[in-house]
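The first chain written gets the first letter, and so on, giving A, B, C and D; residue counts start at 1 in each chain.
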Amino acid sequence: MAKIKTIGILTSGGDAPGMNAAIRAVTRSGICNGFEVKGIYRGFDGLINNEIRPFTTENVSGIIMQGGTILKSARSKGFMTPEGRQKAYENLRNEGIGALVVIGGNGSLSGARIFAEEFDFCCVGLPGTIDNDLYGTDSTIGYDTTMNTIVECVDRIRDTAQSHERIFFVEVMGRDAGFLAQNSAIASGAEAAIIPEDSTDVDQLARFMERGIRKSKKSCIVIVSESPKCGALYYAERVRKEFPNYDVRVSILGHLQRGGRPTAHDRILASRTGVGAVEAIMQGQRNIMVGIRNNEIVYVPFSDAIRTDKPLDMKLIKVLDELSI
Amino acid sequence: MAKIKTIGILTSGGDAPGMNAAIRAVTRSGICNGFEVKGIYRGFDGLINNEIRPFTTENVSGIIMQGGTILKSARSKGFMTPEGRQKAYENLRNEGIGALVVIGGNGSLSGARIFAEEFDFCCVGLPGTIDNDLYGTDSTIGYDTTMNTIVECVDRIRDTAQSHERIFFVEVMGRDAGFLAQNSAIASGAEAAIIPEDSTDVDQLARFMERGIRKSKKSCIVIVSESPKCGALYYAERVRKEFPNYDVRVSILGHLQRGGRPTAHDRILASRTGVGAVEAIMQGQRNIMVGIRNNEIVYVPFSDAIRTDKPLDMKLIKVLDELSI
Amino acid sequence: MAKIKTIGILTSGGDAPGMNAAIRAVTRSGICNGFEVKGIYRGFDGLINNEIRPFTTENVSGIIMQGGTILKSARSKGFMTPEGRQKAYENLRNEGIGALVVIGGNGSLSGARIFAEEFDFCCVGLPGTIDNDLYGTDSTIGYDTTMNTIVECVDRIRDTAQSHERIFFVEVMGRDAGFLAQNSAIASGAEAAIIPEDSTDVDQLARFMERGIRKSKKSCIVIVSESPKCGALYYAERVRKEFPNYDVRVSILGHLQRGGRPTAHDRILASRTGVGAVEAIMQGQRNIMVGIRNNEIVYVPFSDAIRTDKPLDMKLIKVLDELSI
Amino acid sequence: MAKIKTIGILTSGGDAPGMNAAIRAVTRSGICNGFEVKGIYRGFDGLINNEIRPFTTENVSGIIMQGGTILKSARSKGFMTPEGRQKAYENLRNEGIGALVVIGGNGSLSGARIFAEEFDFCCVGLPGTIDNDLYGTDSTIGYDTTMNTIVECVDRIRDTAQSHERIFFVEVMGRDAGFLAQNSAIASGAEAAIIPEDSTDVDQLARFMERGIRKSKKSCIVIVSESPKCGALYYAERVRKEFPNYDVRVSILGHLQRGGRPTAHDRILASRTGVGAVEAIMQGQRNIMVGIRNNEIVYVPFSDAIRTDKPLDMKLIKVLDELSI
């Protein structure tokens, strides 16, 4: 295996706050350790379309606090085909790129894994997703920022909920994983959370709500994970039918959950794992995701990282339950 | 006319950030000037249902920075009937309240006006609405905070819009008045605003968007005033049909626009007009709204304040147009 | 007088949030109206040293929400000399610049005024200063953002002041003008403000504080305008001596007051006055500052704008006094 | 040992954001599990002076998002004497309190430990300190909020530092532990950190700064842990002497670092450990601090928690070093 001289970086999938801090860290640590660094635009599509440019330390100046990703992101259909991946491989070869750092979530790291095996190519992943659904790392880049964005929004909604004594169903991201919903419910002092990991029937919900309504404050907030069928609108409709004298409202937080300045936590996670990715390449590691567990850098094989059933701590349900009395 | 010894305060209609600062100002300035002060809960409904409690300076301690209203708010059906207003009047008499301060928007001040005329009662209004649609005051309590909330949200949405090169239609409050949409579009650097005061056809919108899309950044944000028929969803659907290769998304900001800590501007506006309301009562003023114009306290007769056509400065459309090139 | 084809822009003096929004507005409105636009770096020094570059609409893309100034700023000694101004004039001529937009405060607009008279050159000013001490405009670019920064900081300090029942002297900017101190005291619910416009002796201060201390909350916050001799440290020392059993602390907010994302208000003020500056140039106006009064664009002769005694509304002292009981 | 029926709570030492969330969690979880709960005001002093009141779920309503501590805090001299602790013990007995939850930092938990041993009393600690210097827990309540407050402040300072091309020494809390300085330097993209764990001479600092100054941005930010002798003012003075042509400024963040709304992370940490404290009491645990390690609740004996040498990860110095090139 030839010595790696050039590192390519891309961001892929849904964007997450802190991706820019990760790009900065890989670029600067790479250059500091003698590599050339190239930025690949628009995710795997840009790899296929050869949207690749050399990066200097200045390309990443002043981006540590910016949301989004200066490299743009996309979900690539082309990369799902062997022809697409072949083209991507040729472009990497032509550019002299010997290692590819992929910043993204489950789908993106799955793509990196397939590519790495197909072409025996050095791929290193960074956990970049607001959903926190990657194994082997205590949290993912973007999750903490999104948590704080949700909590700020719910703090605002509570102001008006209490003033008008209303019931709000607030829908948050996390279609397949309830981390955001469950934890933001605890952090915002919500009365209940409805998450994919735990079935909630309307009777059960009604019990929560009546408990909330009996309290002096007479308003109630329920956080709901987004869902094609059973989102906030669905539950609001059900409650309206069964309790016609409640004043029920819905708020769907939507895409604003993806943006914003990354928190201190996400900037540090991105910086440390970015430096860790360059170290991993220097150590000859490959086809691993760099994470942090118990405050230490860890290398997690792709196959472990992308297991799709990262468990939610069910004790959190008890915490929410006891604290919303 | 007997000397006024006791002032009653209520908040009515949609809640607005800064209402608590106004309650605090009326209470403290009232007490400081020798009045007794009583808080009336749940707007005009609370007046009818006699939900009235004496207030001390401590009741309003630590609330200047809180969103919502500690007095709760509601839209009252009872107060629209002569019987409801009669009951309200009797409760005021029984409580010894000689002047009523109403903090609210158009509908609430209209209610106060009718009541004032019917019973020859001293009513003083404070402009409490996020919509900025009251005449005679440069801005209303809550408007500046909501503007900043919207701009923060659009800043976040822009991060993800640029990362994915998407078109976003962002729906904001202001069903009957485009102040929020037009000004937040300027402040957030949006490409266009769709407001009730100015008809927008899809061709026109397409021109704006193509201009935006031709630019290097390739993303585009359009702010839309909420509307039962022609909101953000409507325009997104139209654009999707005519430009099927654009990636179009919708974000409806909803109730989070009502909450949050009031800005410095709204706290000062609320504090100054609250003190102004007590002064007005002491001067024998009645049936006026206290506002600020050109940095001076003004008394605006209710009949002027609630005219429903406060004009939007159409030069702002030119500002937005020139700056989104 | 030859037709003006090219507009130069610079920022000068202490930086203020919203300067970038103003640079963007002048640049885009200028280009939109057929002018060439050139950015001048590092204030008047850059004019003397010929640090001038052509600007396109893209140079100002994405800066509306950034604090500071992409054109950098400085206080120029060279421009105070006739030789410096002569050099500046020659550079403007060589670059073909026919109108100069200066974004800055009192000192910067004074410099622009002298230059304009000396060389009969078209200078247009924008009010860019956090101090709000320019005549003829209701507020200056940066003032509203700084007000909100101060209020957020004081909100935080109050948390710890109340927890420990301490007295805090918080020093804010505004050496020559008490706008920031007086208004932030009202907005943050402080017990008193010490401002340059109004002498405060320690006895008087003690009365305020004792009134605060008698209240249930037992903590007290006094906002102090910065001052070489009588700043927060001075008053804290005096109070410590006279009331040795109070727990007195000082917080000097310092330079963080200058930075941060501009508020909606400052972005709109900067955008509207920036468009107004280009309009003024097209109308043949010169040697004026563009401001906003009573929500309308106004042109204020430099000689009026820079009068150094913009009055603070003394009624605000009554507002603060009544509300801190 | 008699069955514990009543839990007392107090906050002690420097206040930290999230203490209120912890008070809420202990109170509600306690009541939910059949205990009576009593709040003790002003730390150990309040225990000695018998400032103890019964708490209901409503006493802690709406406080999860408030900075500071509703129970007030103080550093108690009386509790350092055997007589003081004897009085405290008698008051606990008279109030029927069988378990004491102490929310505080190193000094407070040391006090709890001595008391627990002296009177064989059930004490449970929660890690409430912004300094993150307690063993056995991944982070402490308040640390994450303070980190974000510092990073927001440094983001603001960078705006003005870059505009004026200045060097800033920013002093942050953490007299004995460099967690705040080191990590906030990484998160804010600072050029260097000066921490108690690692000696920094001026030559070394000069190397860092010259590296920063050579870069295009020409401004430089150094984060300094507060120190009686070698704080930000000391280093600024040294640098001014050796590099007289640099424009050097100092910003001391001070007490605003203690306040503010707690972040999502701190609210969750406080909520989970608060519930954990009640569980610990029910399990018969005593004289332990409840922490979270690796996302699991842990019980840490007081003697371990208060060891005064929690190590800073020295690899972080490498991260900062590589990323500031």
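Worth pointing out:
Here, contacts are C-beta pairs under 8 Å (C-beta built on N, C-alpha and C of every residue); 3 or more make two chains touch, one makes a residue touch a chain.
Treat the numbers as computed from the prediction; the structure is a model and nothing was measured.
Hopping across touching chains, the smallest step count from subunit B to subunit D is 2. Centre-to-centre separation between subunit C and subunit D, using Cα means, comes to 35 Å. Taking the mean of the C-alpha atoms as each chain's centre, subunit A and subunit C sit 39 Å apart.
Per-chain Cα centroids separate subunit B from subunit C by 28 Å. Within subunit C, the positions touching two or more other chains are listed as 155.
Interface note: chains touch in the pairs A-B, A-D, B-C, C-D. Residues 11, 15, 17, 19, 66-69, 72-74, 149, 153, 155-165, 168, 249-260 of subunit C touch subunit D in their complex.
Residues 24-25, 28-29, 31-33, 57-58, 61-62, 64-65, 138, 144, 147-148, 150-151, 155, 183-184, 186-189, 215-217, 261, 263-265, 267-268, 271-272, 275, 293-295, 297, 313, 315-316, 318-319, 322-323, 325 of subunit C touch subunit B in their complex.
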